[in-house]
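Here chain A shows up in two complexes: once beside chain B, once beside chain C.
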Partner chain A sequence: MDLECDLLVIGGGMAGFVAGTIASNAGISTVVLRKGQSATAYSSGAIDMIGYLPEVSEPFSSPEEGLTTIAGLYPLHPYSIVGYSEDVEPSRVVAEIVERARGTIAWLKKYLKDTAASLIGSFDYNVHPITVLGTTKPTCLVQETMFSDSLQQNEDNVLLFVGLSGYPDFNPSAASKTYLEDRISVGEPPRKVGRCVLEIKPFGKSFNLSSIEIARHFDHEESIDDFAAQLKIQVEQLGASHVALPPVLGLRNALMNKKKLEEILGVQVFELLGFPPSIPGLRLQTSLENIFKREGGKLLVGHEAVGYNRMEDKVTSVTVKAPRRKIQINAKAFILASGKYIGGGLHGDENGIRETIFDLMTVTRAYHSASGILPSRYTNRLSISPMGQPVYSCGLTVDPKFRPVQEDGMEWASNLFAAGSILTGYDYMSEKSGLGVAATSGYSAAKSAINFIKEVA
Partner chain B sequence: MLLISSRRLLELDENEAYEYVKAALNKELIAPYRSHELECINSVESCINCGLCINHCPVVAAVGLDRFSGPRSIAVELSRSPPEFWSAADIVYLCTGCGTCREVCPKNVDIPEVVNLIRARIFEYRPDLVPKGLFMVRELLIEYSLAFEPWEDKEEKIESRNMRLERLALPLVQDKVLDKAEVLFYPGCQAEERAQEVREAAKVILDFFDVDYTLLEEMSCCGLPARLIGDEETAVSLADKLKKKVKSLGVKSVITTCAGCTGNLSYLSHHFDWGVPTVHILEYIVEEIGLELLRTVVKKPSNLSDVHVTVHDPCHLIKHTSRQVMEHALNILRELPGVRVSESEAYDSCCGGGGLVSYHSKEIANAVVEENLEAITKTGAERLVTPCPLCTAQIESNLFKSGSSVEVDDLTVFIAQRLPKKE
Partner chain C sequence: MSDSEFDVVVIGGGSTGTAVVRDCAMRGLKTLLLERDDIASASVGTCAGMISSGLKYQGEPEIMKMCSTEVVYFNRIARHIIMKNPILVPIRDFSVVAANRQMADTYSEYAEERDVPSMMFLTPEATLEIEPMTHPDIIAGVYYEEFFIDPFRLCLLQALDARNHGATIKSYCEVTGFEPMTNGFQGVIFYNRITGLIEKVRTKIVVNATGPWAHKIANMGGIELDLRLNKGAHIIFDRRIVNVGITTKESVDGRWIYLFPHENTTLLGTTALDTWEDPDTLVASYDEIEYLLKSIEFIIPSIREARIIRTMAGVRPLVADWNIPEDEVTRGYRVVNHDNGLISFVGGKLVMCRHMAEAVTDLVCKKLGNDVVCKTHETPLPGNENDVDIETLSREYGINMHILERMRARRGTEIVKILEMTKENPEWKTTICTCEPVIEAEIRYAIREEFPQTLNDLRRRLRIGTGPCQGTSCTHKVAAILSEELDLEGDDFLVDILDFRAERWKGIRPSMRGEQLAQEELAQGMYSCVGNLEQSDVDYDMKPWEEGN
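Our next item is the complex of A and B:
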């Protein structure tokens, strides 16, 4: 049985949901298709815009500074594309690029307000939240539960890292050492850190605990009170002014729990950035789903795009497969936000790197064909380096309207747009720009698709 | 120990060599994969061991990772050498088979099928590790070709049916077994022997819309419970038995009211060339009968007042078949006058009734359903509807035990109640 809609978005991660929500909000009947959880669900739950220039180890102080630099150096970067559209005057190129990103950030903050992933931060400066390893990273927005505005302000601040007995994903001892070394090397407060391990028993046991159990445990009212009582002793002993917890404060009630702890303890409490798949990542994923549905979008879960029909220069339908059913979805426009290697939008093997649904042209960061690239040969020996991993820069190249182009530089179809990590021209790991590019390109692709649908209609 | 010389080994043809190697491996308690298992085995190769599935598993949510180590640990079992499968016996029987892990997995690793595959290996080589409760089901399956013990006294069965019809104000449509019908109505074991009102309600609907249907002369199980036990042999023989019946009837499709049967018959059709599709009655109503027609005939019966319902999505429909099936359910409910629907926060969360878990670890099954009960109560709905007799029974008995006033109806019954009397 066929499904009809104006816009079909393939992929339910950051890019897909931003695009889908904007389209639904504009009155476009939109279906978001999702075959599995996205890389967004793996994220730390913080929204990176741009942390570093590739190969440079000093971070940008603000997304604005980063975007301005990127706009000049990399005109084909997914952030830069909007500036090089025909209708943008040459003098406005950088402003256009910066404004689009700024607008996206404002949009995200507005739409995710009052969800389980409500965001805090500004386009005007990067913040440097602490990870569970005790390192810091530059990012633009963090979830409110991860935010502390005063940690690095006062010379006398004392930070307490709190671990949980039987929870292997966070080692407060290692994290506090790493963090303190970092603070000493930059010569900034806090100058004193401490650590402790507390005990909680989600199922009557304090061993073999996972993040999700702890988060669900804290979602139950009252469980945070017991925890606060234990923590209070430690805070007073150390004289802590700030408390860092692994990101497990709850799926639904995390912010309430943070506030409650702060009230009881009289200190600032925040969550660290965690390993994938983190609880804040899950909160972000769920919240994006919810705002999309709230705007009237239809989410089709458990269906994978497996084929398409095309007439002349337009895609007319996409065939999607559930475990035991196949349906055809007819739409006026399509946004491909199917992700990279995790999401399955790109596939790399001994035959090269290819786009999995439409077999679109894939390119490397240098805009050579990636169809013959061996993924294993396209990596650096050092897994985490400022150089990034070239294989992560492969993807689709698009025109200023975010339509994938083919070898001759012309769009592959007039109504197919692409957004998110499937795009080439950037390396989210070294730049720290993953969710920012996803959101901004999703925003832009949606605008183009909406214009296209309205023009056709 | 080699049974034949290496020279002789070189002279074997392919089949002989296969049998020879199989026999040798059998001594080591290693069985080769069967062809229909390969799709699942291959999917495990793409597991990136991320553990995202753990965040979504309803059994982990209900009892914790220490009691049930979660889908990831099951998926990675397949990277161990086969005789070690049985070390997973303490967890692999606690999986309710809901399919959430496969659905959230970015790589769609077929973990629910891995569970069945491991259970099959354990059943074959270490039956002592299979929970005893499962052998009771197996005995029923072997003796009666049904997952529930049939009524001893046929009169009592009829009496029970009539009482149900009377309570639900449903008319009686006589059973019919035809030679050349277009579709087969297959109620499944539970509606056949226990929840008879579901079987009756489906007949009311099919009869009302003049669907050319037939029942089986003798009902027999689709084999899903045997597959969940790990008893491959019984599963295959039940499936073959049913396939023969379906084929000899020459029907174009099979309609069922059971979510498990829908999923399993669709699975069988896919893997074993049945050539006859199976659809849930909800799909049949929307795709064949049509919502337009339904809209013109349904009316609010005078004996029923306005009702506020919430819906539970059975895993076997949404995660093993297609989420669109429940979209149909909502579209049908929209056409029914006097029915208001509120979405439950746990509408698609497993009720705990699957995977035969309740046959040996009832406390786990009942811990899983807790989340549903809370969410159902929160909606303020007075009634829960769901298109699966198993979910109906599991949720109904647990709501009752918790002292809730929310009533539960199988959706097929709920729809049939809102059709006018046939002229």
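Our next item is the complex of A and C:
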């Protein structure tokens, strides 16, 4: 069986869906291929743009400041690529880079508005949401359910951390202490925190509660009411002005639940940044899927790209495997957004690091070949440090049109583009730039692919 | 005697040290154990846990006899933490059979007392039926059985039992020097890493059970002690990848190597390299990893398809027999009586730890004029008093049998105390480490009863973070529970997480490939990208293996 489309996007995470949605919106018939759950679904659901310069401990105050710095220092960073195209005048390089990122953020906010993952935040400043560990991290956009505009404004603010009995992913005791110590050391409010553990009623069991089942429970209308009643007592006892909850307010109705809680309690309520399995990550994943389909795109779930055909300088088709069938998808252009090791775009073993579908050239962040390196040799002795782990910066290097290049610096194929974490040139973990790079590169790769398809047509 | 005076101070909380402190305490001696880190935190934690029948030591019949008897004793005192592994030796080259025919006879000589069958020769068909991953070209197989013990629990139970008999156990206390004997007592000076204070006790006798550090401790007492240190590395796979243990001499260089299912994982080991490195900094090298994989590939050709989760490396403190290959060095032990109140061990194997303790305690008793006889071979260790009926407990407490069976393998009869805690706090039935699995009640129980200070100490007691995810999903959860129970500051909570990630990373890093690259990406994504821990302003102490270039 064959399938025909203009554009095939391999990978259904942030990069793939941004690319697919933009292409569909431009009238290009687009198929997005998704093997399984994307890494986007594992994310905290906040959209990082750029938090830190590699190995520097002072965070950027805004994505704009960060992008400007990156544009100057790292011309091969995935953010920078668009600025160093031949059709950009030298005086416009930085502006082009910053504008592309700003445009992507605006696009995301616009498209995800009124979805379960509607976003809030600005390109002009980073926000510092609290995590389930009680630490904070710089990020650009958070989902509305995770947002509090006034927490650090008022000296008298009191924050209540709320845990759920039998739910091990968040411990309000450890997190509240960590957060308070951090606040004291920076000398900023809130200066008082509290904590409590509530039971979710009515609920079938008292232990082993998972994020998913709690979120689904809260999605039922009125199931938040009993919780609100319990919480009200705690809020009043402590005199809390803000309430921090683990990110489980619902897969569909989280924002409604947040607003309802705020109305009943008369305080600001927000979700913390959490770990996988991540409800905000799933909300983001589902919302991206929905906007793509809304724009007319076709989604093939449970299908894995396993091979390809090429003719001269073009990929003509990709072979795709599902448990019970194998199909060939013919397209005019292809976007590879298959991710890193979690997504399966890259594989590493004792023989080196390779790209899994087209066997494209992989490089290290220093742009040496990664095809023969031993993954362990490309790591640091310190597990968690501002230096990160270089093996997670390996990936594809692309030309200004986001086409993967080969050893001679020329594109590997004229109609294959790449986006997302499969790209080299950055370390999303220590920079805090993962979903931002994914969205921006997805946006750029789509623009290039659209142009290519229109030119060919 | 005052509070700071002892009959015996035992240095080193490994298998031998904890066995000595138990024996001394049971014979009524006033005993103190000083361990610079946690119980079982060094050499013993890097072994395969086999309490060997002595099969490999045919050249030393008295050692084979001793090993077999000790296995019988262990099954008597600690059967709840022992598993029996059937083992296959698939054979491709007939000369291996010929060269090792004697092995079958010597093994079988004492098989009956250990309640295992005699060694059997199998057809290639039967061998392949037992373990289908075996190379199809095999010409025969040999079948036998060995016992494996949880080495962490063994040491801990010996220490706890010693405490029950009146001994004092001090972990995180590092001996820094001795003071000369006056009035029959010598001083032992140590740095208490928990309080940050230098402390001193006085004792009649010091037993040096510090394994690969024995020469350093002896040196502090002004004595030269020769040791032959030998590094051994293991590769650990994510599950029980073989039906039975596999051993073979058809390795890269004709040395015995093995692939043993161990708890929920499989161990491939071991290498043997003479070493002069600091044991604290050792990690498996690329050569060792490839040596082990290549070696077992001759027998299990598909080994590289299995998922490697980590490596571990340790040091054998062998008797200083020089000018011979490592595998010809005696596996026996020596008690070195330095005649200044200091007694040291060299050599020995895990299986001998109780025997070694008995020998040294006999010597101590003789010196101190104590004539109480040794009972360590007949008195059960805590938890081994009775059988445990998992099915009934599962029904009574509403916890699944798999969780309870894993808990039973650590706890024996003690399991009931833990389950009782869930009556008042049903939410503590929550599974915190899902790989092993371990429930919250057991973590809280271990914190309250087994003196852990860090997540690594809890790992040794509970096997948290030892499975395929290597603590990715449980590190922060267990850290929070520890922080709650010990009422730690927020900074300590973060340092505990960083410490545990550092220790896991030490073993993950050398063999990192395949699925573990994705697994670690997830861990880094959680603790670095989201948790932002690399930017947290906490007092993190670099680990020995993290320093330098």
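Basically, the second predicted complex is superposed on the first by the 454 of 457 C-alpha atoms of A that agree within 3 Å, B and C clash if a C-alpha of one lies under 4 Å from a C-alpha of the other, contacts with A are read in each partner's own complex, and residues count from 1 in each chain.
What we mean here is this: a contact is a pair of C-beta atoms (placed from the backbone, for glycine too) under 8 Å apart; a residue touches a chain by one contact, two chains touch by 3 or more.
Everything numeric here is computed off the predicted structure, so don't read it as measured data.
Student: Taking chain A as the common reference for superposition, should the pair chain B and chain C be classed as clashing or as fitting?
Tutor: clash
Student: Taking the superposition on A as described, I'd like to know which of chain B and chain C A:Leu282 touches: first, second, both or neither.
Tutor: In the superposed model, A:Leu282 contacts chain B only, not chain C.
Student: Let me test your reading of the model: by the given contact rule, A:Tyr52 touches which partner, first (chain B), second (chain C), both or neither?
Tutor: Only chain C; A:Tyr52 stays clear of chain B.
Student: For A:His303, using the defined touch cut-off, is the partner it touches chain B, chain C, both, or neither? Pick first, second, both or neither.
Tutor: first
Student: So, does A:Thr131 touch the first partner chain B, the second partner chain C, both, or neither?
Tutor: Once the two structures are laid over each other on A, A:Thr131 reaches chain C alone.
Student: For A:Tyr42, is the partner it touches chain B (first), chain C (second), both, or none of the two (neither)?
Tutor: The answer is both, since A:Tyr42 touches chain B and chain C.
Student: Could you look at A:Asn208 and tell me whether it touches chain B, chain C, both or neither (first, second, both, neither)?
Tutor: It touches chain B and chain C both.
Student: First (chain B), second (chain C), both or neither: which does A:Arg183 touch?
Tutor: In the superposition, A:Arg183 touches no partner, neither chain B nor chain C.
Student: Looking at A:His77 after the superposition, I want to know if it touches chain B, chain C, both of them or none. Which is it: first, second, both, neither?
Tutor: neither
Student: Going by the contact rule stated at the top, is it chain B or chain C that touches a larger number of residues on chain A?
Tutor: C
Student: Looking at the overlay, does A:Ile327 come into contact with chain B only (first), chain C only (second), both, or neither?
Tutor: The answer is first: A:Ile327 touches chain B but not chain C.
Student: Chain C: which of 45-53, 63-71 or 117-125 bumps into chain B?
Tutor: Looking at 45-53, 63-71 or 117-125, the stretch of chain C that collides with chain B is 117-125.
Student: Of all the chain A residues, which ones make contact with chain B and with chain C?
Tutor: Residues 39, 42, 207-209, 276, 342, 344 of chain A touch both chain B and chain C.
Student: What residues on chain A touch chain B, complex-wise?
Tutor: Going by the criterion above, the answer is residues 1, 3, 35-39, 41-42, 202-203, 205, 207-213, 216, 276-277, 279, 282, 300-304, 322-325, 327, 339, 342-344.
Student: Provide the residue numbers of chain B that touch chain A in the complex, in ascending order.
Tutor: Residues of chain B touching chain A: 48, 50-52, 54-56, 60-61, 63-67, 70, 99, 102-108, 263, 266-267, 270, 286-287, 318-325.
Student: Name, in rising order, each residue of chain A that touches chain C in their complex.
Tutor: Per the stated touch rule, the residues are 39, 42-44, 48, 52, 57, 59, 131-137, 165-169, 171, 173-175, 177-182, 185, 206-209, 273-276, 340-342, 344, 346-350, 374-377, 379, 381-386, 388-389, 391-392, 428-430, 432, 434.
Student: Considering the complex alone, what residue numbers of chain C touch chain A?
Tutor: 286, 290, 426-432, 440, 473, 476-477, 479-481, 483-484, 488-491, 493-494, 497-498, 501-502, 504-505, 509-514, 517-518, 520-522, 524-537, 542, 545-546
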